[in-house]
Amino acid sequence: MEQDPKMATHSAPRESDSLFDAPPMAEQERMVEAVLFASSEPVTLRDLEGRMPHGCNPGEAVEHLRKRYEGRGVRVVRVGEAWAMRTAPDLGFLMQKEIVETRKLSRAAIETLAIIAYHQPVTRAEIEEIRGVSVSRGTIDQLLEMEWIRLGRRRMTPGRPVTFVVTPVFLDHFGLESARDLPGLKELRAAGLLENRPPPGSLPLGQSEEDEDGGAQPELFEE
Amino acid sequence: MEQDPKMATHSAPRESDSLFDAPPMAEQERMVEAVLFASSEPVTLRDLEGRMPHGCNPGEAVEHLRKRYEGRGVRVVRVGEAWAMRTAPDLGFLMQKEIVETRKLSRAAIETLAIIAYHQPVTRAEIEEIRGVSVSRGTIDQLLEMEWIRLGRRRMTPGRPVTFVVTPVFLDHFGLESARDLPGLKELRAAGLLENRPPPGSLPLGQSEEDEDGGAQPELFEE
Amino acid sequence: MTEQNLFHEIAAQSVEERLAAEALIVDVDGYEGPLDLLLTLSRTQKVDLRRISVLELARQYLSFVERAKELRLELAADYLVMAAWLAYLKSRLLLPPDPSEDGPSGEELAAHLAFQLERLQAMRDAAARLMGRDQRGRNFFARGQNEGIQRIRTVTYSANLLDLMQGYARIRTKDDFRPFVMDRDSVFTMEEALERMRALIGFTGSWTDMLSYLPDGWHKDPVKRRSATAATFAASLQLVKEGRLEIRQSDNFAPIQLRSLEEEQ
C-alpha cells in the first residue's frame, strides 16, 4: 500500500538542491501519525516540528493524516493549538471498559464553567453577577483542579481582579477545536447575552456586601 | 477514501439470512480500530467479540486492519493471544526529544564554586561566612550534580561537618592542572580584575592546605 | 389580589408544576438565590423571557415573600434585599416618574432585570448543551496506552575561568565596602530567593504553598520570616513573568500556591 518505511527513511538523497532535504511528505505523515498516536495528550505543531527532522512541515503532514483518518474508527482532531487522535464518538458504546467515572459536577460548577467558557476572560464578580449568587471557593477550586479553567490576565480595572479562562484540557474533554466553537456562541453574542452590561444605578444582585445591612432596613419590606 | 461510516452503520440489511445481521466488515474494522486504540492492554479476539455486536468476525476485521496499517507510522501487532497497536519501531526516535539548554551559571553558584576552589576543603558554614550570605542547598546540589564539586573528608571538629572539594571534571572544564594553579589575589589585581586595595590582613590565596583545620582558625575568615 | 394570585395560578397548573411551586415555598434552599427563584417564577408567565412582565414578576416574588413570612420560614437576607428592591421597582413602575428624582427609570431597571434573567437562562441552556456534548472518557477516547513521549531536558551551565576569578575577587574585596552595606543578617534578598526558587521549582508539578519555599531557619524569627516571605513572593512573581511558574490564591489571605510550568514548555 505505502512504500516501505525503511526505504523511505534510508533512501539516498534524491536530486535535491539541499543536502539536508526533508523526508518525503508520505514519510512525514507517518512520523506525525506515530507521535500523535503514541501520545494520549494533544501535541502542538511546534512540538512536532521539534521532534521531526529539520525542514519538515508538520502542519501539512497533519492535514494529510486528518484526511486519511476521516471516517475511520479513530480520528485526528484539533484541540486549540494542538492535535490529537481520538476514537470516533459513534463507537463509544464499544468502550464500556474504558469509561472513567468522572466526579459528578454540581449544578453550580457546571454553570460556572459555562459562564467562564462563554464569557472568558471573566472575573469572579462577573460570574456572581450573572448567576446572582456568590461563587463558592470550592467550585472554582474544583474546576482549577480538573484543569478545565485557569487564571487569565488580570483585568485592568481598579483592584486588578484576576480573570478565568478555559484550558486546552477543557477543549479536549468536550471535543472542541477552540473556544470559538462553543455551541450557540454566535447566537448568544448576537442576542447581546454575552455582554457585560452594567446595571443602571445599583442592583442588589451579586453584590453580597450589600446583604450586610439587609436586616437593618425592615421597613423596606412593607409595601 | 473510505466509505462514510454513518452510511455503513445505517445501511439497510443486505440480503441476509438473519434478522440480526452483523455490521459490514468495513464497520467491524472501524470498531476493532477504536477498541485497540483506546485499550490500555492488548485485546484478545474473544474480548473483541464480546464487545462487538452479535455476529461480528473480529478475527477477519483485525486482519483487514493489520493490512491497512502496513507501512504506516502505526502497526497492528499480535501480542501473545491478543492484538495491540504500536508505533512503528523505526520511528522510535521521534518519541524522545532531547532539549539541551545552556544557561549561565548563577552568580551565587560561581561565588560558591570559587570559594570551594580557593579554600578547599571547605565546609558549608565557612562558605557562608566568606560570602556573607547563606548558601542555598540548591546551589550546592547543582554544583554536585554538575560534578564540579564533591564531598571531601569530614572536618574533625564538633558536628563533624562535611567539606567540599573541586573535582577533576572541574579542573578539566576550567583548563587547570590543579586548584593551586588558580591565580592569587595579587595576580588578579595585576590582571586588572581587582581594582581595590586588599583588605587589611587579607588571606594568602591558593594555599588550600592551610584550610585543613580551618575550624581551628576562625580568624582566617575575619578580615 | 397579589398573594392570592400566585396561588390561584398555581392551582391551575399541572401537578408537576404545582409540585415544583410547592417545593419553591417549602424549600427555599432548593434555589440558588433570588435570581434563580425569579427565573423559576417567571416561567409561570409562560412567555418568552423577553416579553416577561417584570411588574407581574415583582408581584409574584413579593407574594412569595409574604407567604414565606406567614409560614414563618427564615428567608436569607439576600431574598429580603431582593424583595425590598422589587418593592421599590414596583413603585417606580406604577407611579408617574418623579422629575426631582435622579437615577435610572423604572423601565430601565425592569429591562435590566429582564436582561439578567434572560442571560442566566441562556447560560443554563449553554451549560446543558455543553454537558450534552460528546465527552472524552465517555463518548470518545484517547490512546489507552500512553507509550510515553519523552522529553529529556539536559541543562548545561556555562562558566569560564574569568567568571570564577571575578566571582572570587568580588567576595574577597566586598568587605572594603562594608561601611556602606546595611546589615543583612535578617534580610533575605529577592535575588537570593530567586536563586533558591530557580533550583527548586523544577520539582513542583502540583500546587504547593509558597511558604514551603522559605529557606531553612527563616521560619521562626518574625523579622526574618517577613523578609523571606516578601522576597520569595517577589521572586515567585518574577518567575511567573518568565513563564516558569503559575501562581494562584483562591481568596483573600488564603495560602499563595505555586506550580511549575517547566514541563509544559
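Per-chain residue numbering starts at 1, and chain names A, B and C are given in the order in which the chains are listed.
By our rule, contacts are C-beta pairs under 8 Å (C-beta built on N, C-alpha and C of every residue); 3 or more make two chains touch, one makes a residue touch a chain.
Note that this is a predicted model, so its numbers are computed, not measured.
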Per CA centroids, the chain at the heart of the structure shown is A
At the largest C-alpha centroid distance from subunit B we find chain C
Centroid spacing, where centroids are CA-atom means, of subunit A and subunit C in whole angstrom: 19
Averaging only over C-alpha atoms, locate the centres of subunit B and subunit C and give their separation in whole Å. 36
Averaged-CA centre spacing for the pair subunit B and subunit A, given as whole angstrom: 28
Multi-chain contacts only, two chains or more: what residues does subunit B have there? 34, 37-40, 87, 95, 97
So which stretches of subunit C touch two or more other chains? 141-144, 147-149
Residue set of subunit C touching subunit B in the complex reads 141-145, 147-176, 184, 189, 192, 195-196, 198-200, 215-217
Would you tell me which residues of subunit C are touching subunit A in their complex? 32-36, 62, 65, 77-78, 80-85, 87-88, 90, 103-104, 108-109, 112-113, 115-116, 118-120, 122-127, 129-131, 133-144, 146-149, 246, 248, 250-251, 254
Under the touch definition given earlier, write down the residues of subunit A that touch subunit B in their complex. 1-6, 9, 29-35, 37-38, 47, 50-52, 67-68, 70-74, 85, 87-88, 90-91, 94-98
Under the stated contact criterion, what part of subunit A meets subunit C in this complex? 35, 37-41, 43, 84-89, 92, 95, 98-100, 102, 107-108, 110-111, 113-115, 117-118, 130-133, 137, 140-141, 144, 150-151, 172-176, 182-184, 188, 191-193, 197, 199-201, 203-205, 208, 210-211, 214-215, 217, 220-221, 223
